[in-house]
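Below are two complexes that have chain A in common, paired first with chain B and then with chain C.
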Partner chain A sequence: MMRPGFTDPVLDAQSCFRAVLEAMSRPGRVQRLAAPLQPPAPLAPATAAVLLTLVDAETPLWLDAGDEAAEWVRFHCGCPIATTPAEAAFVLATGTPPDIAALPQGTDEAPEAGATLVWQAAALEAGQGWRLSGPGIEHEHRLRVGGAPEGFRAAWAAQRGRYPRGVDIILCAGEAIAALPRTTRIEEG
Partner chain B sequence: MSHDPAYNFAYLDENTKRMIRRALLKAVAIPGHQVPFGAREMPLPYGWGTGGIQVTAAVLGPRDVLKVIDQGADDTTNAVSIRRFFNRVAGVGTTTRTAEATVIQTRHRIPEQALTEAQILVYQVPMPEPLFRLEPRLAETRRMHALADYGLMHVKLYEDIARHGHISTAYSYPVMVGGRYLMSPSPIPAFDNPKMHRMPALQLFGAGREKRIYAVPPYTEVRSLDFEDHPFRPHRADAHCALCGSRSSYLDEVVTDDRGGRMFVCSDTDYCETRQASRQEDAA
Partner chain C sequence: MAVLARAGGEAIRAHLADAAPLPPHTRLRGPETGLVMLRGRAGGDGAAFNLSEMTVTRCSVSLPCGAVGHAYIAGRDQAQAELAAVLDAALQDPARRPSLMAAVIAPLAAAQAALDKAEARKAAATRVQFFTMATMR
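Right after this comes the complex of A and B.
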């Protein structure tokens, strides 16, 4: 049986959006979601809420979460499913995230066409781990992303050379959300 | 308080809100870059803040407290009607106090009181393209932004200095955001430009007719363009407010009769009223 989406699609989407906006504006700060969701495995509540809030018929989605999750997202968001990450506006990674250089980067004239990677991590903890700096950060924020793959920091640093083209990341774990816009610099803690 | 059930919460339909929200997130991720969006017709004409209203509608929640200012004033037609609009279609609380607001929609001013991390400032923008007076072709300005080719604007400022001895731009003074994008701060007075630099609050800009959204994240570098030997100098009338006595706020000149009489008053009404009230308390 199809599991339900938001209880209140209007206000739940609003509060989730504000959490994502806050996360994107202050990279590395972890936001907590209030909306209770029971999405199909392997989707975490935060991941499901972000998809319900931002994805729709205008945004092709690529995901690695399996048929049941894909069916749930298609039913509730009505989005086309992209066959490769390179064709997607939103890329959902519940396992190891794909190489960010393989995702749409946008163009110098339209950098907003760069993809948004929704990355479901094993854990998100503020105050430890990576040292983040850049717009949105007064001095320094710290963020630990559980299960970040080996080459991620190098790939992220390489992306800076392409700015303003690039990929933005929304991180989800359980009911927690954080974000890494393309302007954020990451240094090892 | 509840909203008018004949409308969806905050007026816009959910598809439109999602589209605007996606544009807002990309705008925050690329500070100063103008993101195109599908601006809708709103129940008021272009030029009355349709861009700002759509941004506010996409952001606003039932627990928000909204303040709307027009040239610093809470009690002008535009501010009153937008406040009443959101009170009706979203049922949100409204205020005139800067400190109490969580979302502040503004036309042409930044409040005098410093904003906090808990606030969002939404600007109404008539013309988002800072280069439009120098280069009318949008295809060309897009390319100039792509290449960060802003020499034309420096030439314009230089010609100002050559002709007038100083940069004659008093409002809508162009800024560089994050060292990358030239941005129009909307027609705020140049006096307000320094407040944008590393502001703790999130700043969102909506242009309805021109269908563009852009943003400045908190604590982001915002520099007014200038030259080493002609540094940026915000202009302020050399007077004090006739009502509250402030010597640091931005002043409006008010003509009081037809014999040359005039007075200066704060453009920020909440700031002025707060100061007047505290003066009266001190006197009592």
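Right after this comes the complex of A and C.
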């Protein structure tokens, strides 16, 4: 059964956009989203809000969340569904995220064409776990991402060699979001 | 759909008063008003061009039984769009369909057909037969 999207499409999307902006400018800081949403399983409210805010008819989306979620996103965002992650502007991972090296990286002339990975993690906890540093972080931020796959940190470190090309990540869990822009360094805590 | 889109909101409400009450619904999208680009072709087979933009209001609702109804109407009457979407969803229910068709859709369709016919008759009265041009060729 089809479920509704934002109650107030304009104001809810604006406040969610503000939260994503805040998360991107302060990597690793956890933001709370207030918009009440009841998306189809397995989408978490934060994941659904980020998709409703950022994805539209001009951004192909690849997702691993099943037919009901795909149907919901297509109805509310009007986006094309990509058949492989390599063709997508936004990649939604509700399970194990795909290898970031396999996603569009952009080019040196147009690094903004790199994909954004919306990664629904099991949990997000600030103050412990990875040590993050880089632009937007004065000393260090700490973030623990529940369910991060084994080789993720190595893949992320390898991506730094390709800068300015690369992939940005928006992490979602429950009603919380955090972001890992491509400029952020991750060290084990 | 076409009948509900052409009828006014007031006319739909008036006919609904005789029908069984509509079930409660959840708004999925809208009602929201926007612009739709109208495209035309000269002579029906020329190259497509953008004729103009048109104000359209759309609405999608779902009923507790799971049926989803959509409506797109010309103009800005958001109440009509919502009502048309609810009716679209309710008409998918085989139990409700016959009574709604009889109480709402059939009278509206008949009224629209009568209006069309009256206009066609008025236009036909002013018709000019260009038989001279046809015979002089």
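One rule holds for everything that comes next: the second predicted complex is superposed on the first by the 189 of 189 C-alpha atoms of A that agree within 3 Å, B and C clash if a C-alpha of one lies under 4 Å from a C-alpha of the other, contacts with A are read in each partner's own complex, and residues count from 1 in each chain.
FYI, contacts are C-beta pairs under 8 Å (C-beta built on N, C-alpha and C of every residue); 3 or more make two chains touch, one makes a residue touch a chain.
No experiment lies behind these values; they were computed from the predicted model shown.
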{"item": "Fit or clash between chain C and chain B when superposed on chain A", "value": "fit"}
{"item": "First, second, both or neither for A:T116, with chain B first and chain C second", "value": "first"}
{"item": "Partner chain(s) touched by A:M1 [first = chain B, second = chain C, both, neither]", "value": "second"}
{"item": "First (chain B), second (chain C), both or neither touched by A:I177", "value": "neither"}
{"item": "Chain B or chain C, by number of chain A residues touched", "value": "B"}
{"item": "Partner chain(s) touched by A:L143 [first = chain B, second = chain C, both, neither]", "value": "neither"}
{"item": "Partner chain in contact with A:D168 - chain B first, chain C second, else both or neither", "value": "first"}
{"item": "Which superposed partner A:H76 touches (first chain B, second chain C, both, neither)", "value": "second"}
{"item": "Superposed arrangement, angle subtended at the Cα centre of chain A by chain B and chain C, nearest 10 degrees", "value": "90"}
{"item": "First (chain B), second (chain C), both or neither touched by A:F17", "value": "first"}
{"item": "Minimal inter-chain CA distance - chain C and chain B, angstrom", "value": "10"}
{"item": "On chain A, the residue positions that both chain B and chain C contact, one per complex", "value": "9"}
{"item": "Complex contact set, residues of chain C against chain A", "value": "26-29, 32, 60, 62, 66, 68"}
{"item": "Of all residues in chain B, those that touch chain A in their complex", "value": "8-10, 14-15, 17-19, 21-31, 33, 35-36, 58-62, 117, 142-143, 145-147, 178, 180-181, 198, 200, 202, 217-221"}
{"item": "Residues of chain A defined as touching chain B within the complex", "value": "9-11, 13-15, 17-18, 20-21, 24-26, 53-54, 56, 58-59, 107-112, 114, 116, 135-138, 163-164, 168, 181-183"}
{"item": "Residue ranges of chain A touching chain C (in the complex, touch as defined)", "value": "1-5, 9, 75-76"}
